[in-house]
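One chain, chain A, appears in both complexes that follow, with chain B as partner in the first and chain C in the second.
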Partner chain A sequence: MKKILWLAVLAAALLGPCLDLPGIESPLAVAADSSTAAAPAHPPAPKLTAADYPRIAGVNSRVFVWLAAQLHLWFAAFVLAVPIFVFIIEAIGMATRDKRYDELAYEFIKVSLTAYSFTAILGGLLAFGLLIFYPHLFQYLASIFKESMFYYALLFFAESACLYIYYYGWHWLQGGFKKWTHLTLGLLLNAVGTVLMFLANAWTTFMMSPAGVDAQGVFSGDAWAAIHNFLWNPINLHRTIANVAYGGSVVGAYAAFKFLSATAKEQRAHYDWMGYTANFIAIAALLPLPFAGYYLTAEIYAYSQQMGITSMGGIFAWLFIIQAVLIGALFLSANYYLWCGMGRSDGAARYNRYIKYLAIVIVGAFLVWFTPHTLILTNAELKALGGPYHKYLGPLGIMPAKNGAVNLMIIMTTLSFLLYRRANKIATVAWANTGNAIQVALFTAGIANILFISIYHGYFTNTVYKVASSIPQVLTTLIIIVASTVIDFLMYRGAKQVAPLHWGRVPDRAQYALFLLAVAFTWLMGLMGYIRSGLRQHWHVYGVFRDASADAFTPTLGYAANVVTGATIVFMALVIFVFWLSQVSGRKTPPSGYWKEQPA
Partner chain B sequence: MKEYLKPFAIAFVAFGLLFLALDYAIMKLQGLSLIFQP
Partner chain C sequence: MKIFLKVIVFSLITIGFFAGFSNFGVPRIEPAPPPEEAELDLGAMTMDRFIALGGEIYNGKGTCTLCHNALGRAPLLDKTATVAAARLKDARYKGAAKNAEEYLYESLVKPSVFVTAGFGKAGTNDTESPMPDVSGGAIGLKEAELKAVVAYLQDLAGAEVTVSIPTGLGQTQTKEASAPAAAPRPPAKDAPTLLAQFTCTACHKVKGQGGVLGPDLSKIGATRDKNYLRRAILDPNAEITKGFVPTMPPNYGEQMYAKEVEMLVDYLAGLK
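And now, the complex of A and B:
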């Protein structure tokens, strides 16, 4: 499917310039005309002054565009992610013929429908913000990406058509061929959504790692080169995975909200199951996310060492400590939710004693994960410490220690999942003991390998070895996740159930873990988004098109954190509004005596 | 306990070798060795 998508994007980018549409100027035509007129086909990036940026009294243009872009991105991430797992859940329902999956998928897509309107409204707000406050930048970008922007707008029709038929036709397209048609619509919806995101990613990443332009910003006319810039694929990968994790967390918060407000036992059971499924999706996507993040960061370093150092070793370094705290909070809350959820099973008592060890390792790894390398100290404190590095904390503040810590957190989360999964089951295969021993050996050998790499390559070699050895660490973790899941699947195939699972038998505090998950994800995305954008420093398009506005400086981290926090609060308020809307849409008030009686 | 010990020991050695082979191969692919050579 991905190949088809790539081909579609490629075709759009390549064929776009060849299409002779009225009102749309082909770059090839421009090049031909200009050769005769001896003028450049495309002008260089404009050199602006502060006077070239329109202002509106009382409005900070940067903050306005920042808020609009961030809110648009949160909603877009949500509405792009939900159809991905709705499609998967619907397919599971079709394969198992279990109607509960179909109903669950429908409820998920229902939540995303109102959010879709918000996405479009905020996208419009962002476009107007750019046109009003940054007209020269918008014009420059539109001159390079005119084809992709044009098709992007057209694709919205396809996206809306797919979404509305998919949602409103859910109960109509049921059974046999109709159900397959419905599933195909879901696939189309995801395909269009993914292409939309990839196109928007191209514009964003072009501003970070411009391609298809020379040092003066003169566009070569190669639209595909501009789209397929250096950071496009790393961002595509990272955003796709992150969106799924984020969508899962927001839907999990919805389920928690419904669970806490439900009064009937059946409703609590239903929303408990929904919350568990959403959390499962969020965590399944969260596990590979740090690796996608490392890949993106490595590519940023590869593109521009200065940009890389600015991000993790320069002004933004302390935001990465906040990022570490939030990622740790994500892992802790996800694990905590799973441990609470083991209460649904009568067989979980067999595994409860292991939870404290998992908690100790995760908390220990979390502490290492967010230990800073250097501290902000006064002279007196520096003197008392004997230097900028604390003798114990200094070694834990460097990346090799953090690589080991995050891999351990991921492995322990996998283990929590395995314990949860088997809590209500008794394996019936003859090789169950051998299978358990193999799994324990897999985890032990894998953890030993990660510690070996972290300690030996991290502290007894040079930087080249330290960076290079992070790849086998990642692969070790991935092997553990895949191999242990496969062994577990085979071992518990045809297993006996201890007793029926008691959906709804979960403490209320577990639901607050789901809220924490959604809020931490939102805040994290906002802060990291600020870093990604802030890496351009005083450039609109890095190294090519200089920002000459009054706001062409990097704001302090405190200021940026306040803006992102404000945006998070606004987003959460809008999300609560969306949840409330979905609740009131199901309510009916009998209007006794209001309507006149109709004759029979 | 015995029924766990033997498969554990065999699997531990097997996985240990697998992971070391993986470390070696990945480092080699990057033009480096498993053991640091300054």
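And now, the complex of A and C:
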């Protein structure tokens, strides 16, 4: 026993200077002191003062960590999304034996390599930022998540190994069993990447909904409880889907740029096809994203009503108006791209007359979503209006109206997809008319149901039912998406083509819709990062570990938007650099006369 | 290069629009600063001030009105103190309180001991409350603050305030401290002091400062006469301004001196 104590004292003496920070009793120090008092195995969350936060003159600690975290997250999302995207494209190529898919997939995994380095560099910057400016917070989190942080670092080796073999072995592992081995490596790469993201999500969500600790922040020792905290799975789901959509949008922007720069017809056709495929994947992931958002928000409410109301009320209420503008931009640009893309098909003229109705409904739904509830007015305006709500527009500002609007927007986007899909086809099955009638009935009944639920439950029942009514609306939308896609797939199996698709026959302005999609996605991710973090208000770890720094206050929306804007511009510049590097690697300049001629 | 520049300019304009809309398209709201950890000075506190403190906590730090409002997320608490006796006899009650004061206190720290029908967590058949223990977590009310809220809720319901002001200094001091509570409150020396004593600005803006739960009073004198203002203080539910919900306590007429009511009416009528 005495030997163990001596060893503990020796270990504390050796490691103590590394681990001890003023104001925090390290676990080792506690162990060494166990002879004098029965100290707990884990200390409570420290109670800090502003003096406990180191400062560097001229550097705003919070903005530094904010920028590093946001840039790291964007690149991480990109390097996680691209392998998912590449894996899907490679699998489609294998299934269809269309080499174009394989070449497209390779073109993108090449970009991942440089982006991967940026992710690691920015991750290091974030870790150093936390260590320098928020050492007590970092130590507290490390004391709880030491195992997962350790394995996280080790998993990077696995991730790097998978990525390098996947990339460098692309041309080696071709054909038959070798191709399957290569695809399996891609799957492994995605699996490791996803586990990495889930681990990092655990640390972030622990700060929002701490688990495995008591009210004073004393850790119970159950690391799984801390990882598997209340908001872990909702964030995992939301980020996974969002990553796919984000990856698709960035790839789409790349294809759009290449399309605009291309002069040869074949090149334009190739990049048009690439842009369409990327946009398809982005929109396929964008459609379920609002549902994942609902789930996350519902779980935030279930975890803490106070946090839920903070997210939807006060300052953050206006954030959701900005979010509405951005998501409206995403939906409008995605639909616009599809409508422009119908020009590739000779048979699209049959459906062109419906486009204006789709546009009207989507814009109408966007305007409802965009309408604020309580207006901030001057006294005279308030008097003229008769209250803080507009008589007719005010009711459109509440959540039930927005639920209905967003569901309609999703349904109309699905309809755009179906019209695009069938534009160049003529169904040959005997039950084509019946199939069409079923689809019309499905959309009509579904839309009627959504309107009834959002109006009746939204305006004539109490809050509990108003919130709960979002679930049947979501289910209705999902049923419409799944059922109509299945019917369409069966109906157009073996369908006749009107004429071969004219890839490249798309206006240049459609490509700008793809740029808008990528830029809006990036900016939106930054904005939502602000609210996710801002929900903790003046807490490092919500309700357990208070933020006592000079920056503990919630920044205004405008300030946050400016930080996000700055970060977006930096990120865009880095992404352009990454894409440029991937192009440079393929260029060759003949160094005529530079090298000494070697005798044969 | 020309295409590259066009794409860059397009992207910057898009980003600029998002940033511009966030800065100029939505109201600029300064979020409230983090709450200060202030020590309560209970030694010189009167019962009226203690009740008012409960009201401030109820509308502020306690974040009670986030849910307990007319929107129906949680039950209104204006009558809870008077129905407490019935709750204690209810078969669904699972607590250990013996009187209304203990019941109210228990509801704050163990909200699931009795859940009002229809307000429980989904799927729990009203056996579990979604409300947190307000003595812990992000709200973290202290013992004296909890008691102040109980006193406020008793007063709000028009019930007898049985809470004694805690001192933490022992029984003798508690008695001494509660003695002045029974003594009549000295009238406020002016209207701003009165507004502060009765925490009116928790809900109303006066001279641009205050909450938004009630109508802005900064220029109320320009649109309302003295009779209207007097009635609005003594019987606030007689007429509700459009767009607002009836949350103002109806018993100011019993709490303010007649002289104070007139002083306040004159003051508000002068705000133009």
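One rule holds for everything that comes next: the second predicted complex is superposed on the first by the 563 of 600 C-alpha atoms of A that agree within 3 Å, B and C clash if a C-alpha of one lies under 4 Å from a C-alpha of the other, contacts with A are read in each partner's own complex, and residues count from 1 in each chain.
Rule of thumb we're sticking to: a residue touches a chain if its C-beta (ideal position, glycine included) is under 8 Å from a C-beta of that chain, and two chains touch if they have at least 3 such contacts.
As the structure is a prediction and not an experimental result, all values here were calculated from the model.
*Asks:* Between chain B (first) and chain C (second), which, if any, makes contact with A:Tyr254: first, second, both or neither?
*Replies:* Touch status of A:Tyr254: no partner.
*Asks:* Classify the contacts of A:Phe280 with the two partner chains as first (chain B alone), second (chain C alone), both, or neither.
*Replies:* Neither chain B nor chain C is touched by A:Phe280.
*Asks:* Who contacts more of chain A, chain B or chain C?
*Replies:* In the superposed model, C touches more residues of chain A.
*Asks:* With both complexes superposed on chain A, which partner does A:Trp539 reach: first (chain B), second (chain C), both or neither?
*Replies:* Only chain C; A:Trp539 stays clear of chain B.
*Asks:* Between chain B (first) and chain C (second), which does A:Ala468 come into contact with in this model arrangement: first, second, both, or neither?
*Replies:* both
*Asks:* Look at A:Phe521 in the shared chain and tell me whether it touches chain B only, chain C only, both, or neither; answer first, second, both or neither.
*Replies:* neither
*Asks:* Touch check for A:Ala441: first (chain B), second (chain C), both, or neither?
*Replies:* The first partner, chain B, only.
*Asks:* Considering only the touch criterion stated at the top, classify A:Gln306 as touching first (chain B), second (chain C), both, or neither.
*Replies:* second
*Asks:* Is there a shared patch on chain A that both chain B and chain C touch, and which residues make it up?
*Replies:* Common interface on chain A, chain B vs chain C: 462, 464, 468.
*Asks:* Which of the residues in chain C come into contact with chain A in the complex?
*Replies:* Residues of chain C touching chain A: 3-4, 7, 10-12, 14-16, 18-19, 21-23, 25-31, 33-35, 63, 66-67, 71-73, 118-119, 121-122, 130-132, 136-140, 212, 216, 218-219, 222-223, 241-244.
*Asks:* Under the touch definition given earlier, write down the residues of chain A that touch chain C in their complex.
*Replies:* Its residues touching chain C are 215, 257, 260-261, 302, 304-307, 309-310, 313-315, 318, 321-322, 325-326, 372, 376, 379, 382-383, 386-389, 462-464, 468, 512, 515-516, 519-520, 523, 527, 537-539, 542-544, 547, 552-558, 560-562, 564-565, 568-569, 572.
*Asks:* Enumerate the contact residues on chain B facing chain A in the complex.
*Replies:* 3-12, 14-16, 18-20, 22-23, 26-27, 30, 32, 36, 38
*Asks:* Of all residues in chain A, which touch chain B in the complex?
*Replies:* Residue list for chain A touching chain B: 433-434, 436-438, 440-442, 444-446, 448-449, 453, 456-457, 460-462, 464-465, 468-469, 471-472, 475-476, 479.
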